[in-house]
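Alright, structures below, take your time with them.
The following pair of complexes shares a single chain, subunit A, combined with subunit B in the former and subunit C in the latter.
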Partner chain A sequence: MTALWLIARRELMAILRSPLGFVVAALVLAADGLLFHTRALGGGEKYSTEVLTQFFFDLSGLTMIASIPLSMRLLAGERQRGTLTLLLTSPIKDYQIILGKFFGALAFLCLLTLLTLYLPALIVIHGKISIGHLCAGYLGTMLLGAACLAIGIFSSALSKSQIIAAFLTAFALMAMVLFWLVAKVTEAPLDDVFMYLALHNIHFETFRTGKIHLRDVVYYLSVCGFFLFAATRVLESRRWR
Partner chain B sequence: MALTGQRRILPSTSGGPYLLIAYLAGTATVFVGERVIGGEGAGRWAVSASGGVLSAIACALWGIAWWRSDGEARRTERLAALLSGAGLAALGLYFLNAELVAGTPLKGGQSATGMGLEQVLAALWPVLWLCAVVPLVFVQWSMGSMSGGRGIEGPRVRASAVSGAMTAAFFCTLFLLNAAVNRRDRHVDLSYFRTAAPSETTRELVMGMDADTEVLMFFPPKSEVLSEVRAYFSGMDGLSTHLSIRAIDSAAAPQLVRQHRVRKEGTVVIARGEARQRIPVGTELSIARRKLSRLDTKFQEAVLKLTAKRGTTYFIVGHGERSARRSSDDTRYPLKALKEYAERSNLTVKELGATDGLTSAVPDDAALLVWTDPRLPLFPGETEAVIDYLERGGRMLLTLDPDSNPELEKLMAFLGVSFDPVKLASERAYLPLTRTPADKYNLITNGFSTHPAVQSLGADRKHSLVLFPRVGALDRRPDAKHKVSFTVRSTSQTWSDKDGDFTRDEDESLAVHNLVAAITGRVKPVAATKPSAHGQAPVADESPDRSVSDEMRVIVVADTDLFSDKFLGVRIGMGGQPGNLKLLVDGMKWLVKEGSVSGVTQGEQDIKIAHTRDEDALWFYATVFGFPLLIILLGFATRFGRGWVRE
Partner chain C sequence: MIQCERLTKLFRGVRPVDDVSFETRAGECVGLLGLNGAGKTTLLRMISAVLTPTSGQLSIAGADVTEEAHSVRRQIGYLPENPPVYGEMTVEGFLAFAAGLRRVPRGRVAERIARVGAQCQLEGVLHRRIEHLSFGYRKRVGIAQAIIHQPALVILDEPIAGLDPAQIVSIRELLLSLKGTHTVILSSHMLGEIGQLCDQLLVMHLGRVVACGAPTELFGSPEHTITVVATLGGRRERVVQALEQLDGVLQTEVSAGENNTVKAEVKIAADKRPELSRTLIEAGLDLFDLQQKRDELETLFLRLTGEPTGERS
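Let's look at the complex of A and B:
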């Protein structure tokens, strides 16, 4: 486990010290602020619950987008720099590499998400919202971000270049978000399966309205678990390919 | 294909990918036949059968390769053949479960957990198929990398099969876990305006039901709003055998829709015999949330309308009383909320003055008289009419005010209380509303008795506070004929501010003062019937359906502002509900028949945020540009700072 946390810490520090980290953070925060003022608060008088719900909707989209540049470099970047072989030949297990990199990137993503707290503070001052609603929304955003990062790491493990990894991640995320549309054109029982697999539509909706469903927490953790497991298998496949 | 070659040639090392493609294409064809074409026609049969045959041929060719090869290759081909065979067996299980082959679905008896053979097969075949096909793909992927004359490396192939099997098993485990959790989902609502839960009053209403009442929820089966509404009504499970609750899919039951005259989905109907009340909620959760937060209030109102006998609350007028609306010549806080509360409690609200016959008698349908902050005394005859009504078991809420103080000697003598209009002040127990010395008149207290007229306040004294803005004091007259109980008292740090200077002088001693009195008296026996003053038939006093009751009940309050729109909903401290509202609800419950007025429910509403960029320009620029710029600067400082440190 020590190796895992060492890798996680190293990864977090690498993101914090690289231009990528603070440029991504600044862009996301600027976009968050802009969307908050134009979409959440804009358009006349709104109930405070509506403003908060819209804020979490926008925040979730930006978190998904932010997860792409953060995850693309995790393994594909190492491969491009030629340091992956060094990592793979070190006395560290494959799952420790994957989990370490995942937790490092996730820590940064959580930090980035929590930095936006000053925006809903405005609603607290002007309206009526509960701290529980805020917690539920942020929990959902972090779970969604974790799922996106896991998908990104899987794509990064498959790709030799960071650009391809980014495209693969974007494509996979888009496909999983749009599953709810596929559900509309398929029949039972596949419609239920696709609707359930959709990354955002049903599962995030509850969080942003202040509710925590066990179903949604398990879903996001399952997506994380599956793609991290798959990424580990991809790394391991060098032994039998 | 290498199948026709020599025995030692590795047949599927070169042909394996094609066999795999054929195998997967066959499975995909079965999927098209079953899911895309479907139905009972020959087309489904033909396509599904051809797909199955194609997969079977690929499986057979792997089998032949296994038979014809030897050594490491033989073990590898055997693995591929067995895996493809397991995939075919999974398809067989699917067909066994499908109506196409079985004619009717396998019913196989439900177990105690609700799982029958049909459900077991439905879950088993995809798991088996996935655990066969994924390792097969991995094996072929691994073998593909060994082509080119290097020969088969058995351990590597078997490692790929294990890897594939683990991936499939992990996926299946997660899938089944999600299916189980989805089936038994639990959730917690942390939002500020969450769906209401049945209040204590609602539960009492339901427990007191004496006739069959049905709650019908007309919602689409998968509606999220339905699950919210269902959660609310599940809080009433088992409270009464007379209450039944069920969800109705409008599309599946058009007769019920017509019968209950439901105009659109997302409606809750409460039916009792032929009478119905409808609560429109909506089907879009985002829109329905505000209605859901008031569902308890709406349900109470609906049940009261169905169950309670409508009485009339008469607001006495014509003596400078405080009205529901503020007027230019009356700057006192209006009492609109009080009037609305009476209406919401299933009481018809009417005004009663001299022109309505008050000088002769109070109408027979009067369930309650309300007299709020009069400035003038009653006209001749009116006092007698009110006293006569009370003596016959009438109910009355009388709110006085130190700023008005009319001449009410005769009525007060009858009630057995006196009113001292000198304002009470306190150095400690007051609410600073204006931050001026006059705030000392805004008394707060939790000095409640155990009288039923303050039942819920008395039960939660620790968390309930009542605000009395500018209040006088009540006292019992020595010659009181009725039972007078003081239900609310001030704190001991209160004095009568006789000179009105907001400071306690030597002659103004600290004491506990009575703020609210509950008066009860026996009904005066009257043998003869008396004619009604309103042209109705004579009403006998002993008639069981008359509005007046067997006991006179009167509440006298030494302040009217506490029930005004400004202060009725005011929250003080940590109380879950405003204390002033609780005082009104408790009092009304005691005055009118308990259970026929609505209780305290979630009354708070969300507020709209009017926030524009012009108003908060600084905040806008700070959030859109300032904070991100700060992050950039911080990043540069971190990056170049380390460089400077090294230098």
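Let's look at the complex of A and C:
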């Protein structure tokens, strides 16, 4: 097993064994259920597709929130406990440390997302939904979650404190979500740039309505790539300090 | 094994390591001695390729630490002051994880865990979670992870800090067992302990090496005058008489010791110690203990570092 997968497996097991993992999972699943009952199912008669679209909208928001506590500990926590030294003195590359941690946290986030499958199953019992819509929605949620974790791991690399890392992630996510509002008040060509960079608005919209556009997949993978690369550079720069 | 030439680390305008040069041979145990803030940890972090030097040359077994950091990391095992262990893992799981990171072949991991487990006396706790272990055991786990891949160089930062006397004795034995099979470099500010373990000492102060050599050269060279405390059984007058017969005694102070013993403090040239013990035994006295006066070692150390030898504020 390569060092990358060793780190990813240890990270996943650490989250599964920690109270934080259980608390995050319990809160997200409870909130998913509540929102499904009140928002997706509530408000009169609806088509199954509308219910599913609303469900994915709520799920995406909760996934973004869940990525904050999951990512804050990835590097800042290691530094606080002094265990980062173990990784830094091992014959592994810095990018393997970052990717290992990223994939470990992503595996947990995907597991958590898939645990909500019983909610769309309830729609299937009482209505009719397309498998394609379901797959597109979950794919979009996981891509969005991956992008949020990448932003989170970058913040975690910047700070020694997990709390500060969490605030940095929350601030960055909020700013990137609100880019679509900034786009509304800026002029061309900046409005297009901000609209493209907005984390949720246009890029997630296609997934939640059951469509997959390569442009949106590329966007989320680019966000992951950019922030994971930046986190690696931050980790490398720490060897000089 | 380690070749260090004019090594400097500049950090926010401060030089925690300043123009340090030294060399060590394979299989040697080298001690870094210095007060808090002397630059020991920064130097060890550079040797272990965690920190990159600002200037100077540093190579481990011929591999440059800056250019070939990856290759250097294969040859080292590092234990920082606080053991880098994951509390939620079992000792066995953690050692398997550390072995995987250090590229130990999968088929040999179990054998290596058994071996370092025996060496570090961890057999009884291999299946326990690390967070449930005492600090002494966590240090042992930290040493075990540092040697699991059989590195040529083992780097230990303050391996005996924070341990109780019983733990210090067992860790000392463990460190002695590493000598010969590995090159060991360790840091401490506990002069008595480090002097017993190391073949070579580097005394650091304010980022610089202020003295270098074997412990006897630094703290007990023939020209050095030392104070030896002897605990003896016999009459006080006989002790005084015996000491008067010995050449080279500069000053003696004989007083009553505990449990009907006689305590003699003798100021003498360091190379006269064998003669002193022979004279006392030939005089028919029972020699219970003979050691260099403890606080004198600290005074010598402070003299080397240029620190005032009185009370430090």
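Worth pointing out:
Definition applied: the second predicted complex is superposed on the first by the 237 of 241 C-alpha atoms of A that agree within 3 Å, B and C clash if a C-alpha of one lies under 4 Å from a C-alpha of the other, contacts with A are read in each partner's own complex, and residues count from 1 in each chain.
Keep this in mind: contacts are C-beta pairs under 8 Å (C-beta built on N, C-alpha and C of every residue); 3 or more make two chains touch, one makes a residue touch a chain.
Every value quoted in this text rests on a predicted model; they were computed, and no experiment measured them.
Judged by the touch definition given at the top, the superposed model places A:Phe154 against neither subunit B nor subunit C.
Of the two partner chains placed around the shared chain by superposition, neither subunit B nor subunit C is touched by A:Phe102. In the superposed model, A:Arg10 makes contact with subunit C only, not with subunit B.
Of the two partner chains placed around the shared chain by superposition, subunit B is the only one that A:Leu122 touches, whereas subunit C remains out of contact. Contacts of A:Leu86 after superposition: subunit C is touched, whereas subunit B is not reached. Touched residues of subunit A, counted separately for subunit B and subunit C, are more numerous for B. When the two structures are aligned on the shared chain, A:Arg239 is found in touch with subunit B and with subunit C. When the two structures are aligned on the shared chain, A:Thr206 is found in touch with subunit B, with no touch to subunit C. Of the two partner chains, subunit B is the only one touched by A:His37; subunit C is not.
Of the two partner chains placed around the shared chain by superposition, subunit B is the only one that A:Val23 touches, whereas subunit C remains out of contact. Touching of subunit A by both subunit B and subunit C, each in its own complex, is seen for residues 17, 239-241.
Residues 16-17, 19, 21-23, 25-27, 29-30, 33-34, 36-37, 41, 44-51, 53, 115, 118-119, 122-123, 126-130, 132-133, 135-136, 187, 190, 196, 205-206, 209-215, 218-219, 222, 225-226, 229-230, 233, 236-237, 239-241 of subunit A are the ones that touch subunit B when the two sit in their complex.
Here subunit B touches subunit A in the complex through residues 35, 38, 138, 141-142, 145, 156-157, 159-160, 163, 166-167, 170-171, 174, 177-178, 181-182, 185-194, 285-286, 289-290, 604, 606-613, 616, 619-620, 623-625, 627-629, 631-632, 634-636, 638-639, 642, going by the rule given at the top. For subunit A in complex with subunit C, the touching residues are 1, 3, 6-7, 10, 13-14, 17-18, 81-93, 239-241.
For subunit C in complex with subunit A, the touching residues are 11, 48-52, 70-71, 73-74, 76-78, 80, 82-89, 97-98, 100-103, 106, 145.
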